[in-house]
């Protein structure tokens, strides 16, 4: 998922690091070893775990408060976590929390921020000069517009068309950033360009930057809402660029709360939601009826998708 | 606040309009006459009221559920609304709701979306081609970076520096949009540019657009959270461009819920929050003591601001 | 669902009523005729619709802002609403809002309030004297504790045990309320009992009331979150007493937004969520394999539930 | 605040405890020593800190992400935290989180749960049998209803009236709990009372319990919202019984994030909010004008309260 080329990190790896200390809080060794280290994503982005609260046992502990003494002996941790996930008892998962430092292009940040149940501190273009870093798609992800799905990607652009697109993206990112500095009258190093000029206010100059410019933020979220985010953003329908981040965070999830992650894959990522009509079709098929799209009650696209999900041929011989 | 030049509206004024009908719901005549009409903001933006729920009487009604029969006769509506605002009893204000259609530059949308207690539907650059419209500051708002306040604006840029800045903003907006169309291989009219090319996926091409590009959304919020938004965004510390929207919405507030708006001005917009030290200083001054910054317990900036708020000279003669 | 006996309503049906007026907002005739009228629930409770914002067309309108001009002509309203529901595009449903006045027992209110994405104004026992009204289960709902499901109900209590339970519930509700009045030194009519006494503070006296005592509130929620509430509370796993309210509100939903309600039944209420293992089992069954619990990868309870959902015998002959 | 009598704790002090471990996360020694230990509140309640994320330095770190490199060297931590609190820059405070285990009477829980921006897992009366523990006010807090403030307490009840109130509260709590066990046909020890009976469903039997019955929950909240909770609940207007919890949690706050707590006291707890009219009055007084209530523009109560806050005599000699 992450780019192979060396990544010019601007995150100061000392930022926010606490010295090792003894704690009586729930601690996850596999996550401790990940702390603070930037995991590369896309061409200049990263995800760093800054802090976390709780573990699989904290989910269990929260659930046992709800269920009280009665269930205490009965359930094993794994069984209880699977039970909670299956029955959508979400509140015990809300008792764990994780905090990330993320560097990401602005257009990805604009999708991401739609998830409102998180806490965010983003670098401010009113105060600070943004870095000269822009997302330029890898040629392997330079997709054409899908002709069948208005929000999807089709095959890859190739040859001259690909080359022209990349050239335009690169040139415009550089030019708009060059002009950003000129308008500011200041380099991103803090150096003044022309002492005779005043420089445009930062909050205005940033207007000239493109949506591919990288920003960064601290992002803190509870475990339940993290899984909701991942179920939408690690999904094939999500745009590739945000999925790249979600995939990395799914790996973090597996290290942090392995039982919860396993249950999440069983009941959310790997499952299938049948509609009322879809369920009726499955029942009819299991009863031996030869259902076709025409008799299914489903439209063509929904029928095709259901047959694909059930690993069946959508057009059985008449 | 709004620009004087004729505004090329892209909002179809028929969108979402219901025919007049009879209702038994709370209705506000002054707001009915505003419905659907775009109120211009900045150079291409607007605010349109699409729908609303409740009025001043609905706030009162909600509060009376809380207080029950006991207070029913006692309070007059105005007195009760002022009481609620003064004592920060916020929940009755949450019982009213308003829905706007807003056209705004992306950099403004990025500040705006930080208010999480609202419902948003934004035009998607994955599905749609964005309009060729960019925010270019009016020369009267082309401010220099403040030299004393990292997030503030200083005086206006003038002469050649202003001209160069405007030229760069205009040229880069046009160029990046021209290239956006070329990469898409499609005009914003839907016309294909070169039938031999595939066109880059919309979700990628939009990366090339600048933060001054206009977007639009439906935005729905309850009255309490609208006032919280306005208290932050109609404030002198807010960036001018978002304040332009907040000022228009404050006018809408006054038409919708005039008593609530009056109380909001009395207890929120027009008030002053004294810190513990600030309160002690006011008491000492009222008791006749000649307090100076040195004896105040405040730092220089806080002292200066307090004296300004109290309409006093910050450096009385020794 | 609702009780047949005449209901001693304490809601003043004139409360909060606006006179008929003309509006240009979206209006739903079927809901207008329901406005303000209390729909009885349980023995003393009710649900009243006080106000609403939007309709099916407002959902469509919100979605079309997101998708922009491109989809405008293509989709029919019904198809778009079904598409949104199927793909869990929730934000257009958040653009509609409804406000209820509800009278409900405190133990139901305690479950209900766990849904945090709503606005609430509840009658305050600090200010007001609560009504002398308690929930006493109808003999037809006086269920025994389930012996197989710790949170469930088993068969009905009968005969002497039922009679003793009802007698205890009635007597304790009356006694604790009698003492509430004595401690307050005030009747719920406002009459002082003994002028020589001071009366305990209301905020303390209410401690003596039982969880069956009725309270009331205004409750306002958007359409998406209302459906989420209904999917959990109109479910057979929900406690009967809150389900009684959810069932009434589901009827309101059908009147308010008939297309949305139809899609909600198709994709939420009537569907089935298959886990990854469940999906694999369905595929194997459809491919003709004779899967048993032992070879299914599922535990016994999950297997039994899946077979029931698929309308199959859980223990096919060996 | 807490009751002096020995507290029959039902919290198992081993619950949820992790063994000491090494961590690289931010750690607060003063809070580590408090972890898991129940701090008594009221007659049977407690507050236990179960986990926390972040410290004062994490607030600073979050703010510096927003402000970027520019401010890095300039500000000292204390100054920055005070600046953030003063200017209501709340998001850096949202980057810290704390998790409590609380035992509290149901009527307190009903006030507490109104704070929606927290995560809660409460013991469920559908699954579990609640403990035989009820809040009975200490004679020192057995207040009469205020005659001037509908939601307030007046002087203490004394003598026979106090004795009768306490007797009723005690007797009704015991009786309703005795009947709860009888209806359940089960003691809180799990022992069956009469093998010939079925026992009422737990979810129904609990209806008979009073609002003074203790419940418990895990409650997790971010630092910003915790302070908002404390500003409302550690306030003299809050009911004494919830204030007892807030006061204990304010002590926890001081141990956890001492700088933030100091700023919170300076700008929130200890300050005064002047309305527009109030500010005008202060200016007039400072300018030497002899303002009276009649000329102030304020109502009588508001005038009296302002004069008290400013430590002035409300009725200066004419």
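By letter and in written order, the chains are A, B, C and D; residue numbering begins at 1 in each of them.
Everything below uses one rule, namely that a residue touches a chain if its C-beta (ideal position, glycine included) is under 8 Å from a C-beta of that chain, and two chains touch if they have at least 3 such contacts.
All of these numbers come straight from a predicted model, not from anything done at the bench.
Student: What are the chains that subunit B and subunit C both touch?
Tutor: Intersection of subunit B and subunit C contact lists gives A, D.
Student: Same residues or different residues: which describes how subunit A and subunit B meet, taking over half shared numbers as same?
Tutor: Result for this pair: same.
Student: What whole-Å value do you get for the distance between subunit A and subunit C if each is reduced to the mean of its CA atoms?
Tutor: The answer is 33 Å.
Student: Per the centroid of Cα atoms for each chain, what is the distance between subunit C and subunit D, given in Å?
Tutor: Roughly 29 Å separates the two chain centres.
Student: Give, as an integer number of Å, the spacing between the C-alpha centres of subunit D and subunit A.
Tutor: From the centre of subunit A to the centre of subunit D is 36 Å.
Student: Provide the list of subunit B residues touching at least two other chains, using ranges where the numbers run on.
Tutor: 67, 70-71, 91, 114, 120, 124, 127, 150
Student: Which residues of subunit B touch subunit C in their complex?
Tutor: 15-27, 29, 32, 35-36, 51-54, 57-58, 61-71, 91-92, 94-95, 97, 99, 101, 119-124, 127-129, 216-218, 220, 222
Student: Give the list of subunit A residues in touch with subunit B in this complex.
Tutor: By the definition above, subunit A touches subunit B via 105-107, 110, 113-114, 116-117, 120, 124-127, 135, 137, 142-146, 150-155, 157, 161, 164-165, 168-169, 172-173, 175-176, 179, 182-184, 197-204, 206-212, 239.
Student: For subunit C, which residues are in contact with subunit A within the complex?
Tutor: Contact set of subunit C toward subunit A: 67, 70-71, 86-88, 91, 114, 150, 232, 237, 265-267, 269-279, 282-283, 285-287, 302, 309-312.
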